[in-house]
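Following are the structures in question.
In the two complexes below, chain A is the common chain; its partner is chain B in one and chain C in the other.
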Partner chain A sequence: MNILLFGIAKDIVGESVLTIEGELQPPKTVGELKNYIVQLHPKFGELSSLAIAVNSNYANDSMKVNDGDEIAIIPPVSGG
Partner chain B sequence: MKIDIQIVSKIDTTIAYEKLSHPESGGVCVFIGSVRNVTQNEKVEALDFEAYEKMAIKEMETIANDALKKWKLNKVIMHHVVGKKQIEDPVVMVGASSAHRDACFEACRYLIDTLKERVPIWKKEFFENKTVWVSSHP
Partner chain C sequence: MEKDRYIRQTTLVNFGQEGQDKLQFSKILIVGAGGLGVPVLQYLNAMGVGTIGLIDNDVVSLSNLHRQVLYTEADIGKSKVQVAIEKLKAQNSNTNFEGYEAFLDATNAFEIIKKYDLIVDASDNFPTRYLVNDACVMLKKPFVYGALHSFEGHVSVFNYNSGPTYRCLFPNIPKADEIPNCNEQGVLGILPGIIGNLQALEAAKILAEIGNVLSGKLLVFNALDQQYHKFNIETVQDNLEIGKLQDSYELACDVALESIESGAFLKLLKNENIQCVDVRTEEEYDDFHYQNTIHIPLNRIEEKQDLIDFKKPVYCLCQSGIRSQKAIQQLKTSHPDAKLINVEGGYNILKSQVSGRVISTKEK
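Our next item is the complex of A and B:
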């Protein structure tokens, strides 16, 4: 599973894509994915907010994530 | 087309009227956001904007379509930059046109406020000795 990173998320991970592979129990929902990301990189827990986009739409925690989905971490936005 | 959404490397503010004018519109309202030289008493040297472009376009389309449902508008534009921008550069331009001014004033405010809340675009502030991703921390 590849996760697109933008803004501060890219700085925290040090890459523009985060790859999850070889996990016995890979995250199955957006909520599980958030927990996984915060455990892997605790600095995500310090942000004002942490959202996930699935197929370029904001996703709630109960939404399932599948291998073919385009997934992105959306740190606090600051356009305009 | 009623809606014009763009992510660009440079905003052309001179096209606002041409994009928004319409035979049935008696009013055009535009908001342009620009790079300010100071944040909380610290001197800002530049801003750098990054977007998740596919999603940013989709979110701006949703916002523009919601505005069309809320007000009777003839035209809506939402343009945002990506890349490094200097002091006084325009970075966002949103606008609406309508038969009477109330609708376009209210819609314009909605467009920029909702863009700032939802659209996946990030700005990094460059100060003399540091850089900061805006709003990232409480």
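Our next item is the complex of A and C:
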């Protein structure tokens, strides 16, 4: 599962794509995915708003994720 | 000579004199005269938007010049609003300019925003972005959003024909120090030029009523790869109903909101005589509600708060858990010591758990 990273998510991970592979229990929902990412990179836990898109659609925590889905993490950005 | 001024635009099929007249009779407000605001101002002014309002309270500094290309070294230390309007007047003397040497805040937002047809959020901080959103939602004004992070830019049009708002994308204002700004993060000079121009394009499309407006979509541009991603966003109905502006939009260091998870709340509601305030509308409440709840719609929460016993804990409930948070914020100002608890996820979550316990007055 490939996750595209934007904004500060890219800075936190240090890459523009995060790959999840070989997990015994890969995340099945957006909520689980968020928890998984926070475990991997605790700094994500400090963000109060974090938009996740599944196949280019903004997704709620209950939304299912499948192996082939294109996931994107889009934190808010403020600069101007 | 003047009739030739816009001839390359009026010649355009699907724009024409009609499009030009729409620009001419439009009033637009640009919030911020910095990196994003400068290109928006320059192009919309050149293209013939009739009235341009500009609000900012900053002065030009040397470190602005690499991206805020309207200003010169001679302008350092001068008011951005004054300098910008002087230069924009030289660019197009037909435009009616309205300058506000102030920062947009909860005390002036309504008075200023209500005078314009369209707002461009060219600000550089979260408090202003959430204020622009909330004021535009309350005044039913669309706004063109643009923001930057390093080599990345975001663009969207919010609150357009009941489309999604900024809060549908990012419901809550980030806490202080969560997300760095351009000053801390740095920005490549050209990037606000690109993103500001995309904002100006959306503004011109909305005003001239052409093309497909970038509503319901977030456009993310990555400068290093020349890549655009578009994400679909849906309207969260609760976010279109904002009763009043927050007292302060300053970044909170810690948002203290006591809440209860839906399962625990249901147990309490079933077994204990708890005080639960349902803040949804009349229609929603009539459609269905729990027994033994006090009904006070969010927009009447202040005038009817004597229905609440603040010596007892108050459980606030709505459809999705957003309006109940707003109710708590409002009640907190008059009852800072009260125990106010938000029911997480509201009826949306509760109904999915035990649909049988929901009371419908239609069935009574």
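Quick note on the criterion: the second predicted complex is superposed on the first by the 76 of 80 C-alpha atoms of A that agree within 3 Å, B and C clash if a C-alpha of one lies under 4 Å from a C-alpha of the other, contacts with A are read in each partner's own complex, and residues count from 1 in each chain.
Basically, a residue touches a chain if its C-beta (ideal position, glycine included) is under 8 Å from a C-beta of that chain, and two chains touch if they have at least 3 such contacts.
Predicted model, so just to flag it, every value in this text is computed and none were measured.
Q: Check whether A:N57 is in contact with chain B, with chain C, with both or with neither, and answer first, second, both or neither.
A: both
Q: First (chain B), second (chain C), both or neither: which does A:E46 touch?
A: both
Q: Which partner does A:A72 contact after superposing on A: first (chain B), second (chain C), both, neither?
A: So A:A72 meets both chain B and chain C here.
Q: Determine, under the contact definition given at the top, whether A:G80 touches first (chain B), second (chain C), both, or neither.
A: The answer is both, since A:G80 touches chain B and chain C.
Q: For A:L4, using the defined touch cut-off, is the partner it touches chain B, chain C, both, or neither? Pick first, second, both or neither.
A: Both partners, chain B and chain C.
Q: Please report the chain A residues shared by its interface with chain B and its interface with chain C.
A: 4, 6-8, 11, 46-48, 53, 56-58, 72, 74-80
Q: Under the touch definition given earlier, write down the residues of chain C that touch chain A in their complex.
A: By the definition above, chain C touches chain A via 32, 34-37, 122-126, 129, 146-150, 152, 154, 168-175, 178-182, 185, 187, 192, 218, 220, 222, 229-234, 255.
Q: Using the touch definition from the top, list the residues of chain B that touch chain A in their complex.
A: 33, 49-52, 54-56, 58, 80, 91-92, 112, 115-124, 133-138
Q: Can you name the residues of chain A that touch chain C in the complex?
A: That would be residues 4, 6-8, 10-11, 46-49, 51, 53, 56-58, 72, 74-80 of chain A.
Q: In their complex, what parts of chain A are in touch with chain B?
A: That would be residues 4, 6-8, 11, 46-48, 53, 56-58, 72, 74-80 of chain A.
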